[in-house]
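Paired with chain B in one complex and with chain C in the other, chain A is shared by the two complexes that follow.
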Partner chain A sequence: MQDQLLSHGVRVLKGLGLNYEFLLAASERAAFLHGLVVTIELSLATMFCSLLIGATLAAMLVSPQHWLSWSARAFVELTRNTPTLVQLYCAFLVFNMLLTQALQSAGGNPLTPFFWVVTVISLHKGAFHAESLRAGLQAIPAVTLEAAASLGFTRTKQLWLVQFPLALRFVLPSLINNLVDLVKMTTIASAIAVGDITYESIMIWTQRDNVLELMLLLLLFFGALTYLVNLGGRWLERRLRMPGYGQ
Partner chain B sequence: MANDVLTAAVWPRVLPAVVAAVLAALLLVVVSGWHPTPLTTALVTWFPALLWGMLANIQISVLAIALGTLVGPLLGVLQLSPVTPVRLLASWYVQLFRNAPALILIYFATYVFPFELHLGSHYVNFPDWIKVTLGLALPASANVAELFRGAIGSIPAAQWEAAASLALRRRQIFSWIILPQCLRRMLPPWMNLYATITMSTALASLVGVHDLLDSAQIASTTVNRVDFTIAVYFITLLLFFVYCYPISRLTQYLEKKYAFV
Partner chain C sequence: MDMRQCRQHLSHMDMVFYSFPASWRLFTVDPSALKQSLFIEENMNAIQSVAPSSLKSNNFLLACAAAAAAAMLFSAGAHADATWDKIKQRHKIVVGVLLSGGPFGSIDPATQKPNGWNVELAEDIARQLGVALELVQVQPSNRVQLLQQGKADILIAGMEWTPERNEILSFSPTPFYRVGGIAIVPQSSSIKRWEDLRGKEVCLSQGSNYAKPLTAEYGASVKGFKSSAESLLALRGNNCVAAVHDAILLNPLVNGNPEWQGYRTISPELIPGNSVVWARKGEQDTVAAIDKIVQGWHKSGWLIATEKKLNISPASPALVELHEKFKKS
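The block that comes next holds the complex of A and B.
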């Protein structure tokens, strides 16, 4: 039943001049669907790690300890002003190579390309999150912090229990913006042959020469994914809204 | 006093660049030990090739932002058009190309555009780097359109009315009063966009354009030494940083300067 529907759909599209016959070949369809899942996994893992890194870097940026805030600042500037693909090559072709050499006797390198993509994009987007969060942290009125201090909150407790929850609400729109960029950035995983949707599409179109058709699918897929991220962001904004702020 | 504050604010941000440059120089000196080693000889041989590669990146980014800046304002105005189909089409274009990943657009431009153009009886080559430029000009134009629309929207309506009450025509109001303010407001985000596009040009190496990253890869496989591979990729990173960091600093300066105008 499903197969019939699929082949009928493919025939209709063929009539329109679009060649989606790869969907009828079981192996290619499986590869494409697998790529889809890998991209979603990649996005979710990277979002989580990037937010963790962003929060840590933001805390370092506002730290009164100069060596902490300066090293965080240097890292953020270096990361924000260099292309992610070059960072990925530095990580994968340099660090990963050195690691493989070092671990040759110890049974090989356990780190996969997937791991390196998650690491590099998380660090890259973490720097962007950190900049947004820092702005939010610094926008918190001094009286709020004084009030917290007078209630016996230590500096660390002030940061995590007072400043961060407020800053998160202030900068949520820009964090969501960063996450949308992050989803789009996962396409560079194809450069080091992680089997994400872009990579699988390239494999299919080199065989079948149906670039335009796959391109449309990719654009639709990423459109849907970024739309979902936006939707999630709006939901969070509503959920975390504080009375007395905004509309 | 004011000067002290300025120095205190600027210095921590300039420092990373200085530290990075000094560290890179030190690394080179220490590794080379002042005598020419195989590493330094290879670096000296390949450095001009890297710079030529970087020129391709700069060329692509400048052309892409120029095309985007020419087309973008038009799209921004069309998005405000009273004719519904025009408005919808322009909005769809902007939405589509702002939300599409840059890599996909580069593949799109490379594979979907023809490899040569048929002009009368001539066949004109359509090289890959121009296709990449067009691929990057698409999101650039969509982003400039949004910047332009946002800037026009940020000028208070009272200014249009005040100018109209001084008997200026709509066209005069737009070009003498609204546009100069829009341009000033657009400048910092426009420069941000340019830096983003410059960093996206590294993707061109994936479709076979001979750019900085491609040169680095060729150099690394040709020389085939571990220390050279490490050095060449970090020099690539550093070259991009040296180009993009001053732009980002200037953007931050302009943002502060125009913030309360």
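The block that comes next holds the complex of A and C.
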């Protein structure tokens, strides 16, 4: 039944000049669907890791300890100012190769291409999150912090219990902006043959030359995915709104 | 009507046009036909007498269409091939070449100029046609699109003849080389035959036509990288057990490159195929002209001499075979 429906749909589209015949080939359809899942996995993993890295870096950036803030600053500038694809090639083709050679005697290198993509994108986007969060952290009025200090909050408690919760509300739109960009950035995984949706599409269209058809699917898929991120962001904004604060 | 503006407009149309599915084009007029007709000045005079009112009007597209329609009436049958006209009109041929390293096509590190087999062939085609040469570097992943979008007139890019490509492109029937895929593996690897690749990860470049036989016949799982350079680096990083590329790319590596001393190749060649020169679908004049040149190469033995000059080893038996065949004719 489902197969019939699918082949009928493909025939109708063929009549319109769109070649979606790959959907009828079981192996290619499976590869494409697997690509969808991998992209979603990549997006979720990088979102989580990048936010974690971003929060840590932001805390370091606003730290009164110079060695902490300067090392965080150096890292942010380095990652932010070099292209992600170059970083990925550097990490996977150069660093990973050296690691493999070093670990040859110890039973081989356990790190997968998926791991490298998540690491590189998380570090790259983490730097952007850190700068957004810094804007929020520094927007907290000094008197609020003085009030917290007078109530006996230590520096660390001030940061986690006063500064971060308030800052999050300021920077949410900017963070969501970064996350939308991050979802789209997962497409660079295709460069090192991680089987994400872009990679599977490239592998199909280089054999079938149906670039336009797959581009349309990619467009729809990423459109839907980023829209979901956007919806989630809006929901959080409403959820976290504090009456009398900011608006 | 300003003809330059009209031409510019049409060249944009052309780009948009070739990115549509083939059957959509049936419903529209082929812009390359419009364009070619605009190159013929005497046709323009004819049009001016046929449709003076539309030319005076501001309706630019209508004028273009009228011009093209009239021009096609006057030149019906005389010009079937827009690429050939474009080459003649510009006195230049744009050749897409694959420069993936090695003697078949690479960039000279000292001069930054492309050289190798593909480039030598392109240069000789331009010389024999009596036009200037422009080289465009292509990758296996984008070469068909670049040709279809008009960024290159012909492709000399290690592309073997396949039934799928035959559906969407035209080609000069005489092959200029015969090549298949071989695998490169570390010396210590347990892989001795193609069958040993079952269930293992194999690196290749995106767009490689070895993906199909490797997965379908030998059950390998393929990982496609942007180009052969990344694929070979991934092999060195142990991300796959073997890399499969054209024999003409891998043989020089294991034979002469000190960096690849610890590696060996797996034969016999996978799906050996005829490398031919590709052109856009239906460009018969271009294809005929190129085929005459290719046959001339075989007849004179120029290809064998070029192979020797570039130190390509092992020497291709197919070239000797083709030389014998065309020597007699």
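To be clear about the criterion, the second predicted complex is superposed on the first by the 244 of 247 C-alpha atoms of A that agree within 3 Å, B and C clash if a C-alpha of one lies under 4 Å from a C-alpha of the other, contacts with A are read in each partner's own complex, and residues count from 1 in each chain.
Definition applied: contacts are C-beta pairs under 8 Å (C-beta built on N, C-alpha and C of every residue); 3 or more make two chains touch, one makes a residue touch a chain.
From a predicted model like this one, the values you see are computed outputs, not experimental measurements.
After superposition onto chain A, the partners chain B and chain C occupy overlapping space and clash. Within the superposed three-chain model, A:C90 lies in touch with chain B and out of touch with chain C [touch as defined at top].
Once the two structures are superposed, chain B and chain C can be ranked by residues of chain A touched, with B on top. In the superposition on chain A, A:N19 makes contact with chain C only, not with chain B. Of the two partner chains placed by the overlay, only chain B lies in contact with A:I188; chain C stays clear of it. Contacts of A:N109 after superposition: chain C is touched, whereas chain B is not reached.
Judged by the touch definition given at the top, the superposed model places A:L212 against both chain B and chain C.
In the superposed pair of complexes, A:S7 makes contact with neither chain B nor chain C.
Touch criterion met: A:N81 reaches chain B, while chain C stays clear of it.
Residues 89, 93, 97, 191, 202, 211-212 of chain A touch chain B in one complex and chain C in the other. Those residues of chain C that touch chain A in the complex are listed here as 19-24, 140-141, 144-145, 164, 168, 203, 206-209, 211-212, 215, 223-226, 230, 233-234, 236-239.
By the touch criterion stated above, chain A contacts chain B in their complex at residues 69-70, 73-74, 77-78, 80-87, 89-90, 93-94, 97-98, 101, 180, 184-185, 187-188, 190-191, 198, 202, 205, 211-212, 215, 218-219, 222-223, 226. Interface residues of chain B, counted against chain A in their complex, comprise 12-13, 15-17, 19-20, 96, 99-104, 107-108, 111-112, 195, 199-203, 205-206, 213, 216-217, 220, 226, 229-230, 233-234, 236-237, 240-241, 244-245, 248. Residues of chain A touching chain C in their complex: 17-19, 27, 89, 92-93, 96-97, 100, 108-109, 113, 191-193, 199, 202-203, 206-213.
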